[in-house]
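Notes follow once the structure below has been shown.
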């Protein structure tokens, strides 16, 4: 679905991406983990076309494109909800922006928000709900976006362990149902191993330190095997610092 | 309780300012034809109330119409300059010109085009209101939150949809600020308009009183004008509280309450 | 030399030519005066500022001086510059106004509300005009007349606007106010501040210099013209000359302040409610 | 490249507007004393350039001083009303009054207090500049980010320290917007001031030309005034870019660069 | 040090805190974990005095106080950095607000930021660094605040596993060195068990579901024991949903 070659970007002389290659097959989920400040968010912004790259090419379904603008959904690291709309309207924003009548998708949005535990808060403005609730709303908005490729920047970072697990499953279920392709940035190794069918651990400059393939189809096998992988990933992160 | 105290404090300050004015008049021994004392003005206000009110109503009508017109034009021009930023350099001198043009450069044109009816007054009011509103609106549109804008752009959709959902609400606080300036200067517009041809209105009254050297009547008309101006300001302030509800917790709470009350019906 | 501030009634115009000419030919200096000429923002200001002592002398109009006196503003009249009314009712022949009667049923503009509308109504009553609509036109006289928004303007100066209209190729019809029931009055007089009123020698010196300026202007209008043009750079010389010529017959020929003439106008003013309280003009006039 | 194209577009629009004006003059057959055509105005501009420039310099000086004074007053009053919100209701009528007061009510007072020199001109300019700036500043201060304010309040410290570190920078964008309005209306102030007794300046020139029905000279003076106004606007725009650097990525990059260059020295 | 009794708060009729009791002994670290939206942030805001409580009492060192305003440092859930100041100035903000000369503490701030991995970015404005970097700066600011009681609202949520571990240790080290008392809200159970000497797992309405005492002094014992505790905490969270 997506092929990225030699993507480069530096900010004011400080290189962030030094020639990244990336392939996303349709329907997969690539999970990216890496030290804070290594350039994960920058990569997603480059892909989405919010920031111009210094070099490199992107091919989407064989055709070269300048960026994926209009071809991908993005969940940024901060929620970016509009403070003057309630959660439901915020979640329906991509529908409205597409020019569709939001009422036609309202049922779907209500159901999704309900499953995300926001059923009682549909009419609350973002300023009156908790950080985790805002994040869940932003995730719902991203999923209602309707693009086959979805870029997620730490989508569950503000959620407790249990809600997080629930939502991981929810997102993967929808991915399967709706046939989405995911690029999932997370700093939680367990999450990466749980949701990715490939997991890359990155180092500074977005150099790929470790490529892990979690065993077997979801739901995941015993925790023991995962723990070992997690340990390996952790060592890679640790090494990338030294 | 707290609100009551606030009001009392406000009233106290107001009285203090009046006392200061009275003091200036007496202390500096200013003759009443230069600056009448508040007491003198109050006497005129009382004795000539019906006339002042009648003329005030005329001027109020002109101001309200002018404000609406100016606001509409400001929304259009502010939005237009935002959509076409290259035009700013070209259009700006024109706008500055309309502001700097002394009435006597505009008055003949306005009279020839609009005659002596309400037209020129409304046009001049609209002109003075327009400017601060348009600039504040433009400024608000420019200093938008880039992160949210980027995301909305990714969602695609027309510029108009984006403008309505994002840019417009985001620019509401400065817009309302500009509108406050606008309604405060609206009296100037109406009065100037009345100077270039009128037979009614507070501006006309002031001119008449001035020719009769009745400075206290000038100030009485001015007082009525000020009450009208502050009244309009208060109205805009209320509107702002209602429209820009999301910045303060109380505002959000009230909004939620209202929504729920509506939902229940 | 004695420093004296003199505030004009409005921006410099041909009415003031004698002052500039007196200044330029050293008439003030010879009388031991150093005159500084100031311009006001509004015709009502010079009088107020003279009363407040911010200027020593100010130009004003006879009706205005009476209004001031009735309002208790302490200025005194010490000299005169233009001894007959310049304000008139002006209409355009181009718009079909040939005689006063043609104005009936028309819209009439007035320049200074509270003053010219009063005089205008006297004029209308005198000529038996009916169904008039009054509107204040402010600073603008030519445009509304030329565009037919008003049929006539009360308060147009016969030496300024009438000339301007003519130079625009229009045919103005002039109806003098003094032929319309308004008593004859001094258009431009010089008012003195309370402090200066107590110094008759300075005032006398000023009057002598002013008289010299007036006389010299009548005798050598071209020289007066060039002295005056120094103060109004960029003015159209031909037009200004035409205006000056139109003004010459109206300049004061003497400095007599006639109480009877003032009284006539004061009575008229009270009758027509131009002033609210009766005024005795005699103490207002500084005579020598 | 893009900048060049923008400029060309701006210039094109400007010429288009001039052409429109010329067209209006010819098409409607307006006599030049009503609205002189741009060609006529340009001729006057050229032939009387030295005089216009000399008077323009006087007016520019008045405007610059008035703007500085008005800005200072606006910062004080805006900040004061923010610190003492109860005062708003009391002080506002006063402010509206200063705006709505016709020159003829103010001019004698100004002359009495400031004499005939630059004083009244600077004072009137300051007065008209003051108002939009103060209101915009107040509006900016009110619509602050509550979360950050709460945190700063927890840190303790005086209100002044908090104001300097948080409220003031946060209100800079609207403040600069208000200042833009302010510099655009500054010409009005200076011109009105020159009507209260002056012998130099563009306002004086216009008044004179107007009395002589020389509308083309009025417009030529107006053109100079507009150039001055837009120039000041441009200066404020630059200042804004420099002061409010953090809202746009380019601004941040430039700021960082500058800091690093300074650090290296 | 701090005793809270029967603290209550509801928003527009919806109860959030239904009478919470809380004791913090000096020098300890109480870690709070709970489902998203249960009221953790609200609790910290109540304590800090940013939101008025509906009822309840607070005693600080024996004296009853209306709130801890001026007596505690708070790290809010979002970073709340000032966008017009560089990271160093942001970190030094509490010092400056106290009226002290920030230059006198600059060395300390530089060292802390350096240890937090921001040494190269001291002069960057918050808008030009990554989310995790902003969070680290906000944490540094909170520690430089100089109050003995520190309220942390998910202080490490935007950090990768390795950086997170490093910073946990750093904070605990400083806590010991400077004698601080911590109230640490986190949704990461492992983190709660690692940093807290008491761990509470909360349910909706901030009812305490589980009180865990992690074994032994830091550094922690074998992962096995922790894992068991984690499992228990997770079950508690899960139960609080059902």
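Residue numbering begins at 1 within each chain, and the chains themselves are lettered A, B, C, D and E in the order written.
The working rule: contacts are C-beta pairs under 8 Å (C-beta built on N, C-alpha and C of every residue); 3 or more make two chains touch, one makes a residue touch a chain.
A quick map from chain label to UniProt name: A, E = ABC transporter related protein; B, D = Binding-protein-dependent transport systems inner membrane component.
Bear in mind that the values here come from a model prediction, so they are computed numbers and not experimental data.
In this assembly, which chains make contact with chain A and also with chain D?
Chains in contact with chain A as well as chain D: B, E.
If you count the C-beta pairs in contact for each pair of chains, which pair comes out on top?
More C-beta pairs are in contact between B-D than between any other chains.
Per the centroid of Cα atoms for each chain, what is the distance between chain A and chain C, given in Å?
83
Between chain C and chain D, what distance separates the C-alpha centroids? Give it in angstrom.
That gives a centre separation of 38 Å.
Indicate the whole-number Å distance between the mean C-alpha point of chain A and the mean C-alpha point of chain B.
That gives a centre separation of 48 Å.
Can you list every residue of chain E that touches 2 or more other chains, as numbers and ranges?
11, 78, 128
Where in chain D do residues touch two or more other chains at once?
Counting only residues that touch two or more other chains, chain D contributes 33-34, 104, 108, 112, 207, 210, 247, 249, 253, 256.
Which residues belonging to chain C are in contact with no fewer than two other chains?
In chain C, 42, 44, 48, 52, 139, 142-143, 147 touch at least two other chains.
Please list each pair of chains that are touching.
Pairs satisfying the touch definition: A-B, A-D, A-E, B-C, B-D, B-E, C-D, D-E.
Which stretch or stretches of chain A touch chain B in the complex?
Per the touch definition, chain A meets chain B at residues 48-50, 69-70, 72-74, 76, 78, 80, 82-86, 93-94, 96-99, 123-125, 127-128, 145.
So in the complex, the part of chain D that touches chain C is made up of which residues?
Residues in contact with chain C: 31, 33-34, 48, 51, 103-104, 107-108, 111-112, 115-116, 192, 195-199, 204-205, 207-214, 217.
Touching chain A in the complex: which residues of chain D?
Interface residues on chain D, with respect to chain A: 253, 256-257.
Taking the complex as given, what residues does chain C use to touch chain D?
Listed in rising order, the residues of chain C that touch chain D are 7, 10-13, 38-42, 44-45, 48-49, 52, 54, 139, 142-143, 146-147, 160, 164, 168, 232-236, 239-240.
List the residues on chain A that touch chain E in their complex, please.
On the chain A side, the touching residues are 11, 33-37, 40-42, 77-78, 117, 128-133, 136, 154, 157-164, 166, 187-189, 233-234, 237-238, 240-241.
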